[in-house]
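Multiple structures follow.
What follows is a pair of complexes built around chain A, which joins chain B in one and chain C in the other.
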Partner chain A sequence: MRFALAVGTFLILVIHGVILYHQFSHKWEAHQIAYFNQAKAMAKGDAERAALEARSPRIEQTVVADFGETRVDRCTTCHIASDDPRFSTYQQPLKTHPYSLAMGDVQKNGRWERRHKFSEFGCTVCHDGQGRGLSPKDAHGEDEYWPDPLLGAAVQENWRKEFVPMLKGKEFLEANCAQCHTSPGFAGTPTVRRGMDLYYASNCYGCHRIEGLSDGTIGPDLTEVGRKFKVDYIYARIKDPKSVLATSIMPKFNMLTDQDIRALVIFLKSRKGKNFSETEMDRYRLRATGGAELVQAHIKPVQINPAQMARQGEQLVLDRACTACHKLGAKDGAVAPDLTFEGLLKDPAWLDAHFRNPRSTMPDSIMPAFRFTEPEFKAMTAYLSGLKTVPALPSPEAAYKALCLRCHGDKGNGQGPIAEHLDPSPRDFTKAAFMNSKPMDRLVASVRKGVEGTSMPAWERILDDRQAKALLDYIQTAFVKEPRQEPKPRNLPAANPVASSPESIARGEATFVNRCAGCHGRKGDGKGPNSLDILPKPRNLRNAFFLSSVSDARLFDSILYGVQGTAMPSWIDYGLSNNDVGDLVNFLRNLNPKPKGGQNAGTI
Partner chain B sequence: MAVNLKRSSGGGTQVAVSRRRMLAWITGTGLVGSGVLSAVSNFVFIKPRATYGQPQRFSIGKPEDFPPGTRIALETRRICVVREGNRLAALSTTCTHLGCIVGLADTGFACPCHGSRFDADGTVTGGPAPRPLPWFKVTLAPNGEIEVDKDTEITPGSYLTL
Partner chain C sequence: MSKETASPSLLTAVKELPGNVWKSLFRNPLPTNDLERSSTSFTNFFLHIHPVKVHKNTLRPLYTLGLGLVSFFLFVILVVTGILLMFYYVPSTAQAYDRMLDLRGSVAFGTILRNMHRWSAHGMVAVVVMHLCRVFLTGSYKKPREFNWVLGVVLLLLTLLMSFTGYLLPWDQLAFWAITVGTAIAGYAPVVGKDIQFLLMGGSTVGQEALLRFYVLHVAVLPATLTLAIAIHFWRIRKDGGLSRPADADPTPPMEMMGAQAGSKPSLPEGKKTYGLQGLVRGPLTKVNNIPDNTVFSWPNLFMSELFVFVMTLAVILVLALLFNAPLEEPVNVMHPPNPAKAPWYFLGLQEMVSYSAFWGGIGVPGIFVGLLLLAPYLDRSPKGVGVWFSRDRLLANTIFLTFLAANIIFVIIGTFFRGPNWAFVTPW
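Moving on, here comes the complex of A and B:
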């Protein structure tokens, strides 16, 4: 018992001692003592030696308040010789910080003079890392929860091993140079400049917003991306977006090399919200001009030669990352429709308008408006409208696979690979109630003439009447799985019984707000409160292309008798009379001015 | 406690007693040692190794920035740099009375708060200030810049010879 007590207390003493030793003996003290000893050996006079003798190890720190939040940099506690030119050949941490002409350091009378004095700038302004840390792991930001590890040098344990070599290097420091040196011609930040060029050339600006640089709305705002994310995350998000977030809709940009992605990462790392030397004008420039000249300054516009328009257009379509989203031959971005036989589906006027402003021809398109030059758009239009090879379609099944599957899906349920990016969503063929409630003529017309204002193109130049019917038969047997029934003709007014007048439109609006707004929304844009859990989504009634392509009779049919297989009820059961529907139709017609163009403007 | 036990059991053999005594010694040393170490560590913690705020040892620039005859107050650093010929010194500009920033005057320093007056060497010539203004250690750093160490006070009148 006594023995145990003696051993126990002695053990406690030892543990106390060890803890005390760990708490109060620091590596930096050893570094400072080593520095003092070395400096004493180099000292030129007794006074200098005595001054060094009087110094004892202590925490050195620089407090910098000029760059955003106040920084407390204790880096010189270990790197105590960083401003002592005699230590240039020593090993870290007792090594002089290199002098460099590129950094603005100058040599006067054989002595280097720094442009960025450590006492004014500190260390983390350029290098990142955790300025207050006193152990190498903490100070260099190697802890996985520290947001700014030493740029281009420190690696955190959870970083993907295969990316690590691309995340090291002095070029990463340029991201912090660009916090102050924002002028585009600045010679010290070539990689940031290259990344910015790539940001425009790879069309990142189409989807992402960076205040003052771009105003895309599809992807996340990247204004503060450098502050929010670490380099490994940004790298992985560009290299393989879905590896980080399975639901990401960002395409994989295969034409970017690892070096390109690295430059983009360095550029994005330099975007930390408001940069120190940016003016308010810089940030409003984009809003004032739309950014076209900004984009064209970076993408190096191609001089278009009228004789070779189609060939140059092809090169542009390949260079400007169109296939990151669209399918073209063997290249497939799995986000946007197939362009392989675009010349058969759209006319040049439509393509040209769609390039300039995608929503001008397709109201709910997610395609960004790219800011290429006028001749470039013309060349791309010339190339795409020349794609007129009719594909070989030996059977209806082959036709479905080649033309329909990408949107309507291999199960015919409207969940094809790109369906989530299309609005309105592709028709679900497994809803037999819908398929059997529409006359064959209407279905054939949808296939051959397309559906205005949606992504359904007019296939008439690829499928003739017989082929379209065969395709619909295939869909009936493969997906609808119910025998085809031709619907009985419904009792519909031959023409709108109510003449359009302000009173009629007002009555129609009242009915709309009462009866329709729950799903179709107060604005009629199909985004009412009930729309969130309805599939297919309620029709966007502001889609002028669609609205003007359907006849009054079809509107009466859909409203009075409902749309089977969807959430649209039969309003005749809820007491709407022909006159009420007439008012509604007048209201809807009034809501949508007659659009110009459209995919078969000539046939309407 | 171990000692008491040993005394009360008086009739033990010589070997048992010395073993007991040794164990008691070890126990006692352990307890007292732990206590002392804890006390020491507590005292060390009372005085922090680093404080927030501007560093006490800093560089003020090259000697050329202070030509002979200079007498200039660095407001943010709260020091006055004096250069006479090739001799250079740094005086505190924090009043020793209640810590106001003293201003430069023709006769030396004058405190705006309670009227303390100091001569050019920092000696009190009037007012409530209890002590002269301290002089700080000035050294020439290896990179050619002047370093002031506000943690080290030196005897007034000792200059750094450049």
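Moving on, here comes the complex of A and C:
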């Protein structure tokens, strides 16, 4: 044991030696000593030499309280020659920080004078990095946990290798220049400006909010994105959104080049919430305006010539990134419906209303309201409503692939490529119980007339009655996989037996809260507590377009006998009488004032 | 008096000053005979907590594994490094993380101090649990050591609390979310859960108030409590007759020499007879005459062993501190929880169980486990199987204990290595 004790004690001694060695042999001391020696050799007089002689290595630091939180920048501990013009040809860390006219440095009597003095600004306010660190790894922020690595220079271990070349370069520093020089026209920040233009040109503003610049609500708020995220993350989120977050619904903007994305990243990196030049009053004004005006100012409205509406509209649809989501010919963003034959599906009035406010025609649409000008909307409407080429559909299978697959999926299970973006979700044809519980007329009507308030368009100008039936036959054999059975007529009242009255509506509401709110929600918006576990999702009963398009008889059918293949039970089994359902129908009708417009309101 | 007598004595006094100071500090020379060995243990403040003579069984390395001592020495290392770290730390949400950066980057010996403190803290949790296992598996909690066992369980809980409160102080993402998860587990307790959670955090979320509370708990309340509990724990070891040992470890002394027999009820001291202090001390260490025993002098046997354990503990911690840096993740971002947010590793078993059932995993099962531990000496009254690892007489108790322990370890391992984003099962390779 004595031997082990001796070994252990010796080990402790050795470790103390190692620790002491680490403590008293810093790299930065070597850098400083090298600097002193070089400077002594260059010194002009004895006084300067003596002054250098008297200096010994120590931690140099600048404490800056003027920009945001107090910064402690110890960068000049290694970069000790950064303000010594004689070292401009030396290697880092002993290199002079370059002087440049662009940064406002001026030459007086052959000597440069800095506009941004290091003693006033420190280093990290422009460069980022971790000012307190004394080793390159710490100070440059190469440790994967440091939120602000040296902008455009440091690379963290976990960054994706293929993106790294795009994340380096002096342009990234512009993001920090823009913290004080906020004017988009500032000459020193051209890349920020370019990114900002792209932010508008690529329709980012439609989904995202940046205080004072845009007010989209579909995507995350980007007001503080530059403070919250590192450049590699922002880059990856734009370059390949789903690679970062599998549930992201952001489209991949294929028309953006890597350089474009880089400019966007630099612009976004400059969005850090409150910046240094802002006053509280500016901030208040920004919040009050929301930014609509800025959008108009940025996207440079196109002068529309009435004679060339359709052609200009086509150009606009291409330029304004519509195909980032929609399909149009060969271009496909895989988020939103196909516009290739839009003129056959929607009339100009619907298109125009949908452009101005997508939710005015489709209550649960995720399409943002873009801030184009009136004439631009008109031109785009003119172009889209002119797309009237009937596609060649040699067989029902071809028709399914061309028209239905995008939403209903190649397996007919309602999970087509864009289905996750649609609300209500496309019908699942593999649910035989549903398909066989609806009369053929009803199915044909859904195909040819569409379903109001949903993404199902009216195909009647593409499919005639015979083609629609053939298509439904194909669906029956390919997906339903059960022989078609015409349902027996159910015992339904021809009209609502209860006249609408405040009392009836109140009774209906009571029943609704008791029986229906669990799935359809207290507000009737289909978001009840049970709705999370139910597919297809419970119907949004505030969708006035849908509600007003269905007859009382159909509501009675769905409530009394349930909707087969969904979670909607047959309420006649739970004791609801015709009168109870009548009250419910009155309540639902009262909830949804009859909407104006809509392509084929009241046809079903 | 006169100068002639005073001046030589002053001179001698100066000459003999170092020797005299030394002698006044250490009253005994290095001992050469048994009397001096006894006296050395007896007259030194730090040694007098030990008995003069110690049972040979106590010194068997494979019996105790030195685990109790290791935990104590880790605590000592923690106190020393902790006090040094306190000089640099500010319990404020605005400054705490910057202070961590300073400790890592600029403060002399900052990194090594923080590393030592971190790894000793993790080590102490592990070693205290192992110590508990040793005591249980050797049946050492049995009469007369019941209460010391209870104290030991309390010490384990205090150690966990110490480690848990310290976890928040770096104020990085790891700390913030681990404590958010940990305090949420406390919130699952019935009736008082939410109140305890609120009391711990000083609000409804982890923030400045929580940081201050955790700091005060970590540097004042808990260390003081722990020190007191450790003192009582040590004191009771001696009053309970030293460490446990098998019944046959002591040769049976002749009956007439032992006074009261083992079988008969110990009689209370009666008024007629006077008793010395020795007469009040329990157990077979009360040695009246020169009866045969299995004890050796603490000096040097016990002290050398203790020194050995200390040196090994310190060496291991130093090596760990030199090789591995204590983690420091991003500064706290309240809006951006990591996925998954994990509690400290020793609570990951709880978190794993909480993922099945909030109440049973977070409160029910651990509550039952701790309750059983506390009650173990009062439920298991059989005197058999003391002082031997895995005694056959203790098959049932040991099996139950090891089952609980293994389950917890498995849960900790699953929680640590096999849980990915959204607490989904992942493989670590």
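The definition used in the following text is that the second predicted complex is superposed on the first by the 566 of 604 C-alpha atoms of A that agree within 3 Å, B and C clash if a C-alpha of one lies under 4 Å from a C-alpha of the other, contacts with A are read in each partner's own complex, and residues count from 1 in each chain.
The criterion applied here is as follows: a contact is a pair of C-beta atoms (placed from the backbone, for glycine too) under 8 Å apart; a residue touches a chain by one contact, two chains touch by 3 or more.
None of these values were measured; they are calculated from a predicted model.
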First, second, both or neither for A:Gly521, with chain B first and chain C second: neither
Partner chain(s) touched by A:Pro93 [first = chain B, second = chain C, both, neither]: neither
Which superposed partner A:Gly226 touches (first chain B, second chain C, both, neither): neither
Partner chain in contact with A:Leu5 - chain B first, chain C second, else both or neither: both
Contacts of A:Gly141 with chain B and chain C, given as first, second, both or neither: neither
Which of chain B and chain C A:Val63 touches, first, second, both or neither: first
Touching partner for A:Gly343 - first (chain B), second (chain C), both, neither: neither
Contacts of A:Gly450 with chain B and chain C, given as first, second, both or neither: neither
First, second, both or neither for A:Val72, with chain B first and chain C second: both
Footprint overlap on chain A, comparing chain B with chain C: 2, 5, 8-9, 11-12, 16, 23, 59, 72, 74
Chain A - residues contacting chain B, complex: 2-3, 5-13, 16-17, 20, 23-24, 39, 48, 51, 54, 58-63, 72, 74, 83-86, 111-112, 117, 119
Contact set on chain A toward chain C in their complex: 1-2, 4-5, 8-9, 11-12, 15-16, 18-19, 22-23, 59, 69, 72, 74, 130, 132-135, 138-139, 145-147, 228
Complex contacts: residues of chain B adjacent to chain A: 2, 5, 20, 23-24, 26-27, 29-31, 33-34, 37-38, 40-41, 44, 49-50, 52-55, 57-59, 137, 139-144, 152
Chain C residues within the chain A interface of the complex: 94, 98, 101-102, 104-106, 108-109, 112, 172-173, 304-305, 307-308, 311-312, 314-315, 318-319, 322, 328-331, 333, 335-336
